[in-house]
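Next come two complexes built around chain A: one with chain B, the other with chain C.
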Partner chain A sequence: MIKLATEADAAFSSFFEEMKGQGATGLRQAAWEAFAAKGLPNRRVEAWHYTDLKAALGKPAPIASAQAGMREIARAHDSVRLVTLDGVFRPDLSDLALLPEGVKVQSLREALAQGAPGVMALVASADVQAEDAMVAMNAALMQDGVVLRIAAGVTLGQKIELATYVSSQDVQSSFTRAVVVLGKDAKATIVETAGALTAAPAQDNQALILRLAAGAALDLVTHVSGQSDKLVRVMSLLAHVDEGASLSSYALVEGAGLLRRQIFARLNGEHSKVALNGATLARGRQHADTTLVVDHAFPNGQSRERFRNIIDEQGTGVFQGKIVVRPHAQKTDGVMQSKAILLSDQATMNNKPELEIFADDVQCGHGATCGRLDKDQLFYLMARGIPRYEAESLLIEGFANEAFQGLEDETLRGFLLGRISSWLAARSK
Partner chain B sequence: MLEIKNLHVSVGDREILKGLTLTVKDGEVAAIMGPNGTGKSTLSYVISGREGYEVTQGEVLLDGENILELEPHVRAAKGVFLAFQYPVEIPGVATMTFLKAAMNAQRRSRGEEELATPELMKRVKEAAAKLGVSQEMLRRPLNSGFSGGEKKRMDILQMTLLQPRFGILDETDSGLDIDALRVVSEGVNSLRAPNRSFLVITHYQRLLDYIKPDTVHVMAKGAIQRSGGPELALELEERGYQEYLGEEAA
Partner chain C sequence: MAARQETVARVEEIDVDAYKYGFTTDIESEKAPKGLSEDIVRFISAKKNEPDWLTEWRLEAYRRWLTMDEPNWARVKYPPIDYQDLYYYSAPKSTPGPKTLDEVDPELLRTYEKLGIPLREQEILAGVETRKVAVDAVFDSVSVATTFKDELARAGVIFCPISEAVKTHPELVRKYLGSVVPATDNFYATLNSAVFSDGSFVYVPKGVRCPMELSTYFRINEQKTGQFERTLIIADEGSYVSYLEGCTAPKRDENQLHAAVVELVALDDAEIKYSTVQNWYPGDSEGKGGIYNFVTKRGDCRGRNSHISWTQVETGSAITWKYPSCILRGDNSQGEFYSIAVSNGHQQVDSGSKMIHLGRNTRSRIVSKGISAGKSQNTYRGQVSAHRKAEGARNFTQCDSLLIGHECGAHTVPYIESKNPSAQFEHEATTSKISEDQLFYAQQRGLSAEEATALIVNGFVRDVLQQLPMEFAVEAQKLISISLEGSVG
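And now, the complex of A and B:
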């Protein structure tokens, strides 16, 4: 008997038929094959054990199309903003005229149509898509996005924001991919915004590819939010950090539906540095998963991961972190820390740190904790006259803020802390 | 001011305070001295309202009102202040944010207007200067990475700012070098006032050289065994607590 494909398999196949003619045919074909070999991740796939994507994407929604008409999208930041809306890069909503010198922007759609080999090499994600089906799916079905190049030696005075929103009232799938390249010794702050302007339960698969050339330094500030409890969003960050370059990432994830944020960071040259920080807030029945792999491929690299999870009501948090140290990556220095606070009896946190060390002269450590608010701290604050709810809020806020201590841009830090305060203010007493 | 009447307190199955009675008058500095493990810290926690202590009998009256059913922050607003034996580190909370929250929460609960930030900053800076609390300490997260002496100074700074009716100093001298002890004691002495009382808990006479008590009470076996004037502290220093421990002594 012939085994019938699932409804989801059939739908994704038809999406691929729709997209394969839209540039980068070879790249898409290879990615599709990588996806088809694995299928949608289910819980038997170790990296997806805590997030049942197969169940969540049982009925894939049609591929998004550009929404007619102009939309005003409120600004959260004083930045040069590049907007991708419902799967389509929108020059009309973007500040292309304000781009600083030394910065080049092209839409992904245009880049794929041109197919210049240098650009295709940047867009491809062959190394990761062999490992992860959702990155492969993103490469096979990518609709549009941004290719942003910052020239060697340029230090950006202004922040650039890559804003990706879903806005359709219809339930749609979107597949977007952005590429950010920093030339040698370039320095920049990029804001990555993943939001929803609709309460419709979109299915969103985004990838952000970062290439940091030698000596480059990037602060990446990510803010994820949504409206629908049925939103399904997978975000993949694929970073290569070359010799002496430094990536600092700060992410605030506000739960909405099912969210998976995955990071594949490769220390791709000696003396490179990666610092990944994040705070996740989840309540209701939200599910928020942060999964990361930090790959030390060269000696003398340094990585720091600091994650804070605050889970309320029946929410679920996931943190899976793996530090890989390859055989020749001697003198690696890695510290990974994930802490969670559960605010209710029904809240769940799955914390799984891992080390895979094949070199002998390294310093690597990890710590993971999960618990209630500290009673001694709470009593200390209350003994000074601070009412219980306010004292709890101070502690939770402080706990979340630990993830953003290293962020030097005070307006961005203020923005993130403000979002945390708003989330707390909506907490039931 | 504060009256403790026949107070019995248990933790789990174990009775720690066994009928403790003590009165501290307006303006009085009362010292409680006693050996380790006799329930001195328990007493300070029960007065200030920490969870985990079961009061099985007795009452604690502040200005005639039994405060044992009140939440800790309500007691604080009524004027109870505990200077902790081990002040807690709170790494995520900025010291100034905390001080502002505490001062204004107490003001709100007393029906007073909140202090605007400039006025609040001014008060904090003035008090900090007197206690040798540096600006750098104020910028750090609360008590984070502070030495034992710095933490105690931070507690006394809070007491200075909050102006309590009734201050409890729980082993404030522990972990302090002689200079820090002097600064902290001067901070406490400058707060002495006719409408403010203190309960000074210690097991050494040393602290009482700096903070002169009006009354001294010997606590052992979960109750006050003897009360007297300052001379009692000197006698204890000489003779120890042996005679108050009875058959419990080894």
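And now, the complex of A and C:
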């Protein structure tokens, strides 16, 4: 059991006492034990080598309480939006009436209270929580979230947005967990928004559980932003991609405080495909960590990872990517690429691409680079009369956009590119 | 073609347990009592008539070691080692300090003859071009012979066992010992600092190009003995030295511990080339026995324009835990690491390199080729880092893994850390098996499956083999073929 050695341990322990009566008692108990056995991740934990949560979460904030009343939240997308605010799913702020046919939505709180075995099996994340303390903590303390089911064979014409915000002026912790299930051969585009409507330094722990049944296809577009430079946010994506199914993920991370985005993607059937792409922008003292584990558990799988980091001022970027090929996952094809540009003398980038391969008939590779903007390219642009600052912006924009090339939805791609441009516009000259 | 045929022939004439250096030498030896304590540390120090400062240095390391934990982050698995169940000192019994080879136990000389290591300074025959190689032979805990000492001395090069250097050149040893790998560095290095027995000491004075290759040959013979040698090489301003290291051990059922420390210091404009062909006993086909090779190797490019290059061919050891590194401190200094790691049977390799860029315009290159066969696990683990002041640092890393068979594993774990925007780091890694197409193509042209595999493997490791001194390259190429024996088909 947990040793109540630190203030943080004691606080989390009291959170667990508070949450354990809120449904899914067995599941929470097992998750709590998994967390307690590990404690808060620190640099001695290999998967957290570059991000120290023990230091960042030394003083856990109290669990968020629901903010009553309506609140206008600006829309970024033309989508059917499902809002989770300060740890609580808000039907009143969501477009439940506009849900297309074949789509079912339930709040996690309600699902846990009903305790239907099918749903509980989906909510559980036993395989990953054994590995990662923050996923375990999320399962032990989960407050609410969305359970979204898309029926077999449905092709959604409209985007669905899972928007999760923190808004309280008080410093609070929130623990949310969403579940998205695509039935056989279903096709959808989902936008995942993680934002902050407050400058208070919230502590946010989110998990998104994805299940893609055979033949399903999902485009997942993630946008992460925040306001406070003391925000601590951990986002975990846990995906199972079954036979012949395909997951394409595109993420734009705008740094805010300490951010860790972790992806555990499992190719859970033959001929499944996973493509993970992302661009990270960090400045100030921001710390942005992207960590992924792509687990090839079946033969003939294909995975592609493409990440870009742009780090300015005293920012720190982290990329850790691991491709695992299990003993029987023959004919696996995996390629991972991570590139970083440092824009300032104070910026730091840590790259750790890993291959862990137990099958012989595979083609796997990774590449990682780190450096500054190419002098020759800058010269080329400046020789054509473009001022240095603009030339730099142009090159950075092009570099970041590489992550979103595969995204077919043009409005979403336009949105992401727009965000990159405004980030660049705010860059100090 | 002829060389390949010869390789295949050699592979065929040996049985499954292809380790040909597995014989033992019956020789009377003198050992310290089993176990480790301050008394044992004092005993080793006294045996070697060491000055007080060194005894104290050892004791301090020992006390520090007691507070340390064995590292467990590497991808290797082995039962816990009982450090009290080992002999920390073993020396062939002989008259104190043999003056000439004639006084050395003939049994020992025969051992080295069998290993193909010349301990006699053979005269060079007129008209026959043979390069001279000076050899320091270390048997269990002590150095038994060093050749060509006189000729080296004429060039001003000091090449002797480190135990002798402590007496003859204390000022150099005291200045540099532990200056690259401090006594507190890591669990195994600290243990080594406490109980190190012997090893080679090389000092190349200013502006001298060492007239011949230097080489040390390590042999573990005794049962339940750990070998803890310590090598210290100093290349003074503008000098050059090339150093070769070879190692073998008898076949034994139990695992034996080898925890060495190698320190290299390159001052302004100096160059050190360090090559290793490591062929410790890897254990039998069931995974029983074999050497635990837990080694700390580090080079310090202390001076401007200095250059350190590590080349290694690793085919032996049950477990390898080894990360030859370069600290690129001097401006414009250069570090290189070329490695071939072959694992077969139940071998476990966790090896790689570290390049720490501290100075301006420092450059480094890592080329690592891992070949896994049988039930082995082969991990590349490396670190490249640029610190704030490493303006213009450059690194290129290439790690390729080749898998032969479906029960082995190949893993890559690089850490790439940059704190300077002008540092340019590139890293590439691939893992694949020998493709059916390549095999088919070669077999179409009349090669057997084994020949075809040998051909492809040789091509795969060529970049690294080219870095080895010529005599070693031929030997290494044969060694790789032998290590992969039984893995094809």
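Keep this in mind: the second predicted complex is superposed on the first by the 425 of 429 C-alpha atoms of A that agree within 3 Å, B and C clash if a C-alpha of one lies under 4 Å from a C-alpha of the other, contacts with A are read in each partner's own complex, and residues count from 1 in each chain.
Note that in this section a contact is a pair of C-beta atoms (placed from the backbone, for glycine too) under 8 Å apart; a residue touches a chain by one contact, two chains touch by 3 or more.
As the structure is a computational prediction, the values presented were derived from the model and not from experiment.
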Statement: So, after the overlay on chain A, do chain B and chain C clash or fit? They fit
Task: Name the contact category of A:Ala30: first (chain B only), second (chain C only), both, or neither.
output: neither
Chain B versus chain C as contact partner of A:Lys375, first or second or both or neither: first
Message: Quick one: is A:Val146 in contact with chain B, with chain C, with both, or with neither? Answer first, second, both or neither.
response: neither
Task: Once the structures are superposed on A, label A:Gly398 by its partner contacts, choosing first (chain B), second (chain C), both or neither.
output: first
Task: Applying the touch criterion given at the start, work out whether A:His366 contacts chain B, chain C, both or neither, answering first, second, both or neither.
output: second
Task: Could you tell me if A:Arg388 is touching chain B, chain C, both of them or neither one (first, second, both, neither)?
output: first
Query: In the superposed model, does chain B or chain C contact more residues of chain A?
result: C
Partner chain(s) touched by A:Phe358 [first = chain B, second = chain C, both, neither]: second
Message: Tell me the angle subtended at the Cα centre of chain A by the Cα centres of chain B and chain C, rounded to the nearest 10 °.
response: 70
Message: Touch test for A:Ala245: chain B only (first), chain C only (second), both, or neither?
response: neither
- request: State the minimum pairwise Cα distance, in Å, between chain B and chain C in the overlaid complexes.
  value: 14
Message: Could you list, by residue number, the parts of chain A that touch chain C in their complex?
response: 46, 49, 327, 330, 340, 342-345, 347-372
Statement: The answer for chain C against chain A in the complex is residues 73, 388, 401, 403-433
- line: Within their complex, chain B touches chain A through residues 48-51, 71-73, 75-77, 81-82, 84, 87-88, 90-93, 97-98, 101-103, 105-106, 109, 141, 158, 162
Query: What part of chain A is in contact with chain B in the complex they form?
result: 374-377, 379-388, 390-391, 394-395, 397-402
